[in-house]
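Order of writing sets the chain letters: A, B and C. Residues in each chain are counted from 1.
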Amino acid sequence: MRSVVVGGGHLAYFAIKALEEMDPRGRIIVIEFTSEKIDMLKKTFPFAEAVLSSIEDVEDYVSRNRFLIDVLVSATDSDALNLRYAKHAIKSGVPIVIAILNNPLNEPIFVKEGVKYVINPYKTITSKIKEVVGKFRVNVVYEFSKVDGGIYALKVENSKTLRKVKSFILKNDSPFFVLSADKRIRTCSVEDIQIGDVVYISCHDREVRGLLKRMGG
Amino acid sequence: MDVSVVFPSRNREKYVRRAVRTAFKARHVKEVIVVDGGSSDKTVDVALKEGAKVIVQSNLVYPGKGVAMRDGAYLSSGDVVVFVDIDIANLTPQFIEKLYAPIMRGEAEFVKGCYERAAGRVTELVAKPLLRMFYPELAKFKQPLSGEIAGLRKVFYQVEFESGWGVDVGLLIDLYKRGVKIAEVNLGFKEHDMKPLHALTDMAYQVAEAILKRAIRDGKIDEVWAKEYISTIGKMDLGEVGFA
Amino acid sequence: MRVVLAVLSIALAIFFGSKLGNLIMRNLSKFGRSFASKLAEIVKYFLIILGVVVAFSILSLDVIVLTGVSIGIFIVLLVSLRDVFSNYAGEIYLRVRRPFDEGDFIKIGRISGRVVSINSQDVELVSVKGERIVVPNQFFLKYPVVNVSSTTPSSIELKVIFKDVVPEEARKMVMETLNEIRPELFEEPKIVSISTKNGKTEVDLSLSVVNQQKTRWLIGRLSKGLYDRGVEVEIE
């Protein structure tokens, strides 16, 4: 598939790697604004086509090639530019448009402006720290991009929480697995969940919101 | 030609409503953009309610307004981009229109605003002396650090924005070097909170750095000598002042 | 006294209209800011008109005639602008129910395309051929819409018909040409079958693409690639 990545910094680096891993025979075009970065990109990603462009010409390029571009990732070091390019690509009919944020505070702004796929690279910091330290009631482990839902870790600290978690799983028929206190990952029946376990549940956002509130998440 | 007005801002909820409404009243203004520096108050909410486009500046840590100005220029879609401080108490539509009037008349591509009041301390003690030394052609500007500027959007895309307080003087020097037509307009009186003295050290440093960096780039200071000197300074033990 | 009450009724109507409008904006902005503001305006002006009617009745003005005339005007507007109102109703349905978003690829009746924008009167699509199609919102109230999930790849089935080329040769040429266009495809292309019919060799292909608008371009490249190899083909 033909993928266009706008930007040549560290955000773009990870985007290009991911696209190459997914489709090693695909076509990746990287657009950057300075010749030094273009030289560096050519050395780091010899399989990609690095293109030097001006800020305004990116939109022309996308418009001219809108029937051919499958994925556009806007990953410059300016959220303003990323928003602009993402909106233009969506209006041009590019099927998959992804924006990577520099400042996580811009996430609601991007979503409000109609950018469906927004990557906030800082989101994992909170969940990882909670996971490592282990002192939490609820931890949002992963949020799906295409569906309103994700994987949520619920720590069963006492009998009250145990009852709530069991009743939630039964009511919503949610798939789950358990990480027990002795660090075993296991699947089991609802009855076998114990105090001290961390239960990883996958469900829709609307199902879990009430539970998160009640559990102080 | 249509105009985008950009307000770099941070914790200015007191001023934002009035500033955005005033900007929308100026002629040819098609959009007002508030670039927020990570406010902890209601600046963003108020700006959105007033119909401004809002974006939070891309740097996680607020370095000064340069990143905000860059992001504002990038987000804008007007032919002319105007930057104005959001906390000008006597802001009027005419104040804003004066800024871009020379551009509309075809007399300039970039305009600096200046005021009746005396220039600030960093301007008089740091910027003007250094400009006189290295860019005497620009020493005539009354307020080279003025944050009220206007320009054709395409000229802002030709230069890099300093991330901190050196952005205004950096733009002036870089656009001058590119041969852009520059004008200065008197905006009259500006009612504006001045920074306290202790807050000016960082600003002064960043302004000096912006000018000196460009002086090295443009061959007005020997680069080899400058690098060696800076490295020597860095290793010096400055010691302490002893009391007799 | 009556005049005071009449003025008060209009003032209250304006006050409550504005408050209700703000409430609507706060709670319905999630469905779209311009949509919420339009609804807020309609509610606000409806309350103001109600306030005026009440004021008239307080002043003992001929409310019956006024009401009659208002109803008459309303019916005329309703009839002559019924399509406009239907389109607004369609917008409400699209904002609340959200059968698709901007960027999704949809099919409605015989029309298909990627959604560029959802507006108060219509939805703008761009078709596979790059044509801009504007669909009035009321159609979404009447006809089922299929959301062909924007991001999953879809298959394009093509039949390449060779004249006077043996199957093995046809397969070789097709594979070589497909190899050239492979960077534009989502996955490895598949030759589903090769058969001969009425002296012609037919090669059935399945190509996987994300951007359905690429179809025409792919057909063009395939034709050119085979033409450069010395054969003219039909592609269906």
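The rule is short, and it goes like this: a residue touches a chain if its C-beta (ideal position, glycine included) is under 8 Å from a C-beta of that chain, and two chains touch if they have at least 3 such contacts.
As the structure is a prediction and not an experimental result, all values here were calculated from the model.
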Can you name the chain whose C-alpha mean lies closest to the mean of all the C-alpha atoms?
-> A
Report which of A-B and A-C is connected by more C-beta pairs in contact.
-> A-C
By CA centroid distance, what chain is farthest from chain A?
-> B
Using CA atom averages as chain centres, what separation in Å is found between chain B and chain C?
-> 43
Chain A to chain B, mean C-alpha position gap in Å, rounds to 35
Report the inter-chain centroid distance for chain A and chain C in whole angstrom, where each centroid is the mean of the CA atoms.
-> 27
Numbers and ranges of chain B residues touching at least 2 other chains = none
Chain B residues within the chain A interface of the complex = 35-36, 38, 54-60, 70-72, 74-75, 154, 157
In the complex, chain A touches chain C at residues 1-2, 23, 25-27, 66-71, 90-97, 114, 116, 146
Within the complex, which stretch of chain C touches chain A?
-> 101-103, 105, 114, 116-117, 126, 130, 150-151, 182-186, 188, 209-214, 216-217
Interface residues, chain A side, partner chain B - complex = 54-56, 77-81, 83-84, 102-103, 105-106, 109
